[in-house]
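As structure tokens, here come the structures.
Next, two complexes with subunit A in common: one pairs it with subunit B, the other with subunit C.
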Partner chain A sequence: MAKEPKPQEIISQINYKPPQKAWMDIPVEIKEGMFCYGAKEKSLQTLDFPNARAWSVLDEDWKLPEKWDKIVLEGMAERLKKYRSFKIFMDICVRCGACADKCHFFLGSGDPKNMPVLRAELLRSIYRKNFTAAGKILGKLGGGRKLTIDVLKEWWYYFYQCSECRRCSVFCPYGIDTAEITMIARELLNLLGLNIEWIAGPAANCYMKGNHLGLEPHTIKNSIDFLVDEIEEKTGVRVSPTFNRKGAEILFVTPSGDLFADPGTYTCMGYLMLFHELGLDYTWSTYASEGGNFGFFTSMELAKRLNTKLYSEAKRLGVKWILGGECGHMWRVINQYMDTFNGPADFLEVPTSPITGTEFTNAKSTKMTHISEFTADLIKHKKLNLDPKRNDHLKVTFHDSCNVARGMGMFEEPRYVIKSVCNNFYEMPENTIREKTFCCGSGSGLNASENMELRLRGGLPRANAVKHVQEQYGVNMLACICAIDRAALPPLMNYWVPGVDVTGVTELVANALVMKGEKERTTNLRGEDLSWIEDEESKSTDETQIRV
Partner chain B sequence: MMKILFPGLMVIILVGLVFMGVQEANLHLLFGITIPYVAISIFIIGVVTRVVKWSLSPVPFRIPTTCGQQKSLSWLKCDCLENPSTTAGVIGRMALEILTFRSLFRNTQTELKQGPYLVYQEEKLLWLAALAFHWSFLVVVIRHFRLFIEPIPGCLSLLCSLDGFMEIGSPVVFLSGVALLGAVSFLLLRRILSRKVYYISLPADYFPLFLIIGIAISGILMRYFTKVDVVNIKAYTLGLLSLQPVIPTDVSVIFYIHLFLVCVLLVYIPFSKLMHLGGIFLSPTRNMANNNRLKRHINPWNYPVKVHTYEEYEDEFREKMKKVGIPVEKG
Partner chain C sequence: MTLNDILAKNRESIINRWFDLIVDSYPQNTADFIKSEKNRFANPVGWTIKKGIEDIFEGIIQNKSDAQFFPILDDIIKIRAVQEFTPSEAISFIFLLKQAMCEKIAIENTELFAIESKIDTLASISLDIFMECREKIKQLKTNEGKK
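So, the complex of A and B:
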């Protein structure tokens, strides 16, 4: 594994001025720390993907099928017929440059091929050469170039340096969406077996075992049982979740990462506590045990193949509707793709909160509601007994996850929830939140460890905005509603902004939640001491007495 | 450098071509009648073909880029323009995008300062220049309709008098022409002098700028300096329109240069990035409502895929499931 550079080294290397040499004349250099390992033979075989073989990115020979260029060009032709977005985004870019410095990978690396416009030009140049008159006749003068093995390697390197966050598409005057271009480029690469293992492995796991981590049913139960014990220890309340239970009202689906590693596990404990407190008639599923969808980072077909489990399991169990946990790209898939992929979900009912009676009419067709929508509604109707004081040691800021922000537009629900359970909330600068939010640097399946330098560079804009509120307001907690964020942000904060922790929003809720029959909480879910609350309470009583 | 010189040279050659053709070879018929007809035909057929080709590819998924609060809970205010959930909202969003370049208005410039601090500064110059360029271009084009319509409708006369409201010079200076030349020159200079924009530019980005500068300069020369005879021109344009073309008499070669460059632009549009004028209307990240969970979107090429069924899953894990008390379908 590559040596991790020091923050100062990274900063001193960043230069936004492009080089003298034209980009087409600079061959790709595959740098250690900036790429993920290639997909393994076994993962591709499990998924029935072509050209499954043992290969290494750093080898000269990528063991491509014969006539690989023909496969790519035919794949492009097919996708030009299938996606209007692809055709239009290939044709109408005027290279105005508005997107150039909007990409977190460009801001963290200064590599011009990380400018969204050039990332797209990597593909567009081949499109022009093979599919347009100007490119065919004028060649390089017409902006075209030949598809060579070097171009293919360049595609691989840079389309796995895009996290499909869509920030550039907010600024593009034509709405050209690099995520869409990257998704199609990755589909083309997958025709040749050129995935990365960090995506192919979890996708294969998810296909066979129901979740990215490859947790088998008994392990899922054991993991959750462990969290149940933890909850009892902290709160004195024994929650009793059920699995694969037929006839439950609600199926709950969340990313499997939350069952496995801190701080996601605390968010998961939050779900368990919240649902118990509400007396919600819900069930977990071990078969549909993944909200996330690494297929979405591979091809539309694989995304659909993985996503299909949500509806089929809901149907088998006979639930009324589906509730989804905190996750980023999971929600882009649910909000913009699921119903189209695998609907109509006419065997389900319009999601209705059994506690408040609120009908979530915005999910009338898809029949799936987000935990933040669900919780915000509960709080609005005063159905939760909350003690935000318990979060008083935290100064919280909120990181909008790319997909939830730009593929859904859910900005207010999580903020409303956070502000209801925390007394100290501070926004990061305007250019770094909401629709302009910056990626954690590890989205779209890039949260491996061998590409840590890429992740730290890509996460720089986000971390830098956190640093701003840390210095300004003493912020010490970064809240998010995404499992990849919960995995990716802690090392990022540690590196750029030491002293800032990462939490899911539901963890904050659970810490503030006063449960029926709970014992006095001496620690929060992380086991951190809460005795300062008493001190402060007695202090404020003293103050009151003095005032009296 | 080649990427600037080549298209620049192309435009000079084009100008030279018409100069030689009209002045030396007397090809008035070719440049005055044949080429305009061919150009306008290619333009219309080309643009229609391109748009039809685009629309033949379906939009399999509803993928708006959401730039504001979604419509969800009744008590949360949603942003019906930046994140529309209705057709009316989409029309509003598109109108803002097309008429005011909403997205470009967001533009910022990022700098990495000592600290390190990433600083995002507002950068409205590109937006301003783009707006000035496109609107003045539109006014100039509409203004030219007075050469094609007889009698000139009141609204067109009004536009012309508004455009010349400063009442400087004789003939009166049209502001739109000045704005157009100024904006297009700015856009060209930006493409040459800004290292970032220069780096990403292709010859195809410089060519239309040179062409439009050529058109603007020849137009201005004709109106204010060589003072072309508008009555003659109008007789010519009306002739073209009524399909009874006559070669204009007594017009200078500048007129032919102007006309020819316009013809080149018309021919160039369907084959180039200038099609963005049509493409923006069809851009799926902007022209769709974010009501994905409310209304089902159909993918016309949706097909059944291979899945790993629950039955297969249970077959593999049945014993393990039973052991920890997870219910199974088959005892």
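So, the complex of A and C:
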């Protein structure tokens, strides 16, 4: 009988280590769950984008135009000339690796090509080969490589796995912003008609109808009317918003998603209630009916086109300034790019709160102020009658949305507002908030359904920090000031941290807001029972009596 | 000494080896990072795996019931369910405990047999959790599609 092998002997023969290869030698493998469907012919046609055609990502043939490589290289040359930052970002990376482990997609997937430095290298290698002497001569040795169809597919796969969140840039000693490299890469891909439908569709809708969902004016009015009825039912107060009203002092713009999808609708009810309570002279527009800008995830040119609409509408209506709702990338566009695109908006006035007289000089050029700044100023001047007790069933933490945090630098205002309207607030750990905040995993137009695995991976670092405050303090509510977050975080919480819900900050404000003429609030805006407040109040009165 | 005593005595070296074996299934530079970064928030995958296998190991020594392993396994499997692993790859980390034990302690075939059945049970629980996670992801996709 043969000698029975020892377990050690059997097991030592098994090799679990994957083979080691240089990154350039590992061909891209496009996997289900990791990508969004390709842009539809109709969407690209609407936007006047090249190579509109029916195509499928999983097909071998992507139906590219002839000489597609020439188009890409010429596009690259043009952008190297036009954007000094792009040229610098291509040249100065010393591959120190400080950014490598800072991307949520790398942390969640373990895929090295999700390391920001490697993501950029996908493009940089083509830059070296075609635009630097060393790369031309040394080829691979000089870090260069030829632009092939596989490289192009790799670009498409990985540049639509970057949410342009800028977290990596915070850690780069040279300030290289990989998000901007992704933006350029996406511009180049768009020269060949290689967008994703989740971006191209909403952008086309916005271009034609004024909002991502493609809502027509009467639909917008109907849905806001529905929210008005809801508010009356919950508070007894009938608010009366106006639409496209010329001569209003303020134009209010917010992401269209908040008109339709929970929990955004509660935040939208919050705006309506707050403005009514203040007696604000403001109007909604059914044309500039979208704060978000999916053009920004496509090209600078399209971002500018969509941004223009807000300002044209402000001009048409003759308002003095624009107030913006809780949105992420709307604010990044306003803060970082609007002034170059369409500014200065000289036909408007510097935003000034009609209630407190505060002049928002930070918005001197763009003339657009953030709802959290506006609300924080109201609270600071004690202009709101607030009862934070109504939020006592909540233990709240705050997710800094990448765009508002790193794209705008706003950290304090939303926290100040939350702490004024909620008694229980807990911060997540320091390396996961403020400028180091982790992306929701679905930013920059990646919040589709077909790429759910990608979103869940990318959202893991954020969810992991939420899980920590849930375990430590019993946190049950994740507040944010971004509509994509309000759509993207609920499934993320559902998967990773069940028991934590998601809210906009203005929803919390509205629930705490004591309105003139309101009836006793028996439920909050979500229709959840508030009778426990009375029980607690009577309990505390009893206790006081006993103590007396 | 019983096997459990031996395991308890060699706890750290077995767990460390087990951890390395699991992490080595990732590409080299990823594995290097997962092993070296100790902060929970800077390295969620590494931290979750480490914490998870420590708890599993402890559970084995303490002869915990099968049901008690569910929440412990859940955190690791959730991650593997979104990381492109096939079901068998996803649960393979459980079997690596055998290799770690064999490398770190002298173990006889009869003893191995005893602990093997526990490990097999954990693997089948893991498979159930994995399938639940995949089902949940499918549901999330459908819900999102409806929006």
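Just so we're on the same page, the second predicted complex is superposed on the first by the 529 of 548 C-alpha atoms of A that agree within 3 Å, B and C clash if a C-alpha of one lies under 4 Å from a C-alpha of the other, contacts with A are read in each partner's own complex, and residues count from 1 in each chain.
Simple rule for what comes next: contacts are C-beta pairs under 8 Å (C-beta built on N, C-alpha and C of every residue); 3 or more make two chains touch, one makes a residue touch a chain.
All figures in this text were calculated on a predicted structure; none of them were measured in a lab.
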| item | value |
| --- | --- |
| Comparison of subunit B and subunit C by subunit A residues contacted | B |
| Touched partner set for A:495, first subunit B, second subunit C, both or neither | second |
| Which superposed partner A:456 touches (first subunit B, second subunit C, both, neither) | second |
| Touching partner for A:464 - first (subunit B), second (subunit C), both, neither | both |
| Which superposed partner A:101 touches (first subunit B, second subunit C, both, neither) | both |
| First, second, both or neither for A:112, with subunit B first and subunit C second | both |
| Touched partner set for A:31, first subunit B, second subunit C, both or neither | second |
| Contacts of A:507 with subunit B and subunit C, given as first, second, both or neither | neither |
| Touched partner set for A:361, first subunit B, second subunit C, both or neither | first |
| First (subunit B), second (subunit C), both or neither touched by A:197 | neither |
| Intersection of subunit A interface sets (partners subunit B, subunit C) | 11, 14, 16-18, 100-101, 107, 112, 115, 429, 431-432, 460-461, 464-465, 468 |
| Residues on subunit B engaged by subunit A in the complex (per definition of touch) | 2-3, 6, 50, 53-63, 65-73, 75-79, 82-83, 85, 97, 101, 103-104, 106-112, 116-118, 120, 126, 130, 194-197, 199-205, 271-273, 275-276, 279-280, 282-286, 290-299, 301-302, 305-310, 313-314, 316-317, 320-321, 323-328 |
| Subunit C residues touching subunit A - in the complex, by the definition given at the top | 21, 24-30, 33-34, 37, 39-45, 47-48, 78-79, 82-84, 92, 96, 98-99, 102-103, 107, 109, 112, 133, 136-137, 140-145, 147 |
| Interface residues, subunit A side, partner subunit B - complex | 11, 14, 16-18, 22-23, 48, 80-88, 91-98, 100-102, 107, 112, 115, 117-118, 121, 132-134, 138, 141-143, 166, 169-177, 180, 207-210, 216-218, 221-222, 243-246, 286-287, 300-301, 304-305, 308-309, 312-313, 316, 334-337, 339-341, 343-344, 358, 360-366, 368, 373, 376-377, 380, 405-413, 416, 429, 431-432, 435-436, 460-461, 464-465, 468 |
| Touch list for subunit A against partner subunit C, complex | 4, 6-8, 11-12, 14, 16-18, 20, 31, 33-34, 100-101, 106-112, 115, 261, 429, 431-432, 448-450, 452-453, 456-457, 460-461, 464-465, 468, 487, 491, 494-496 |
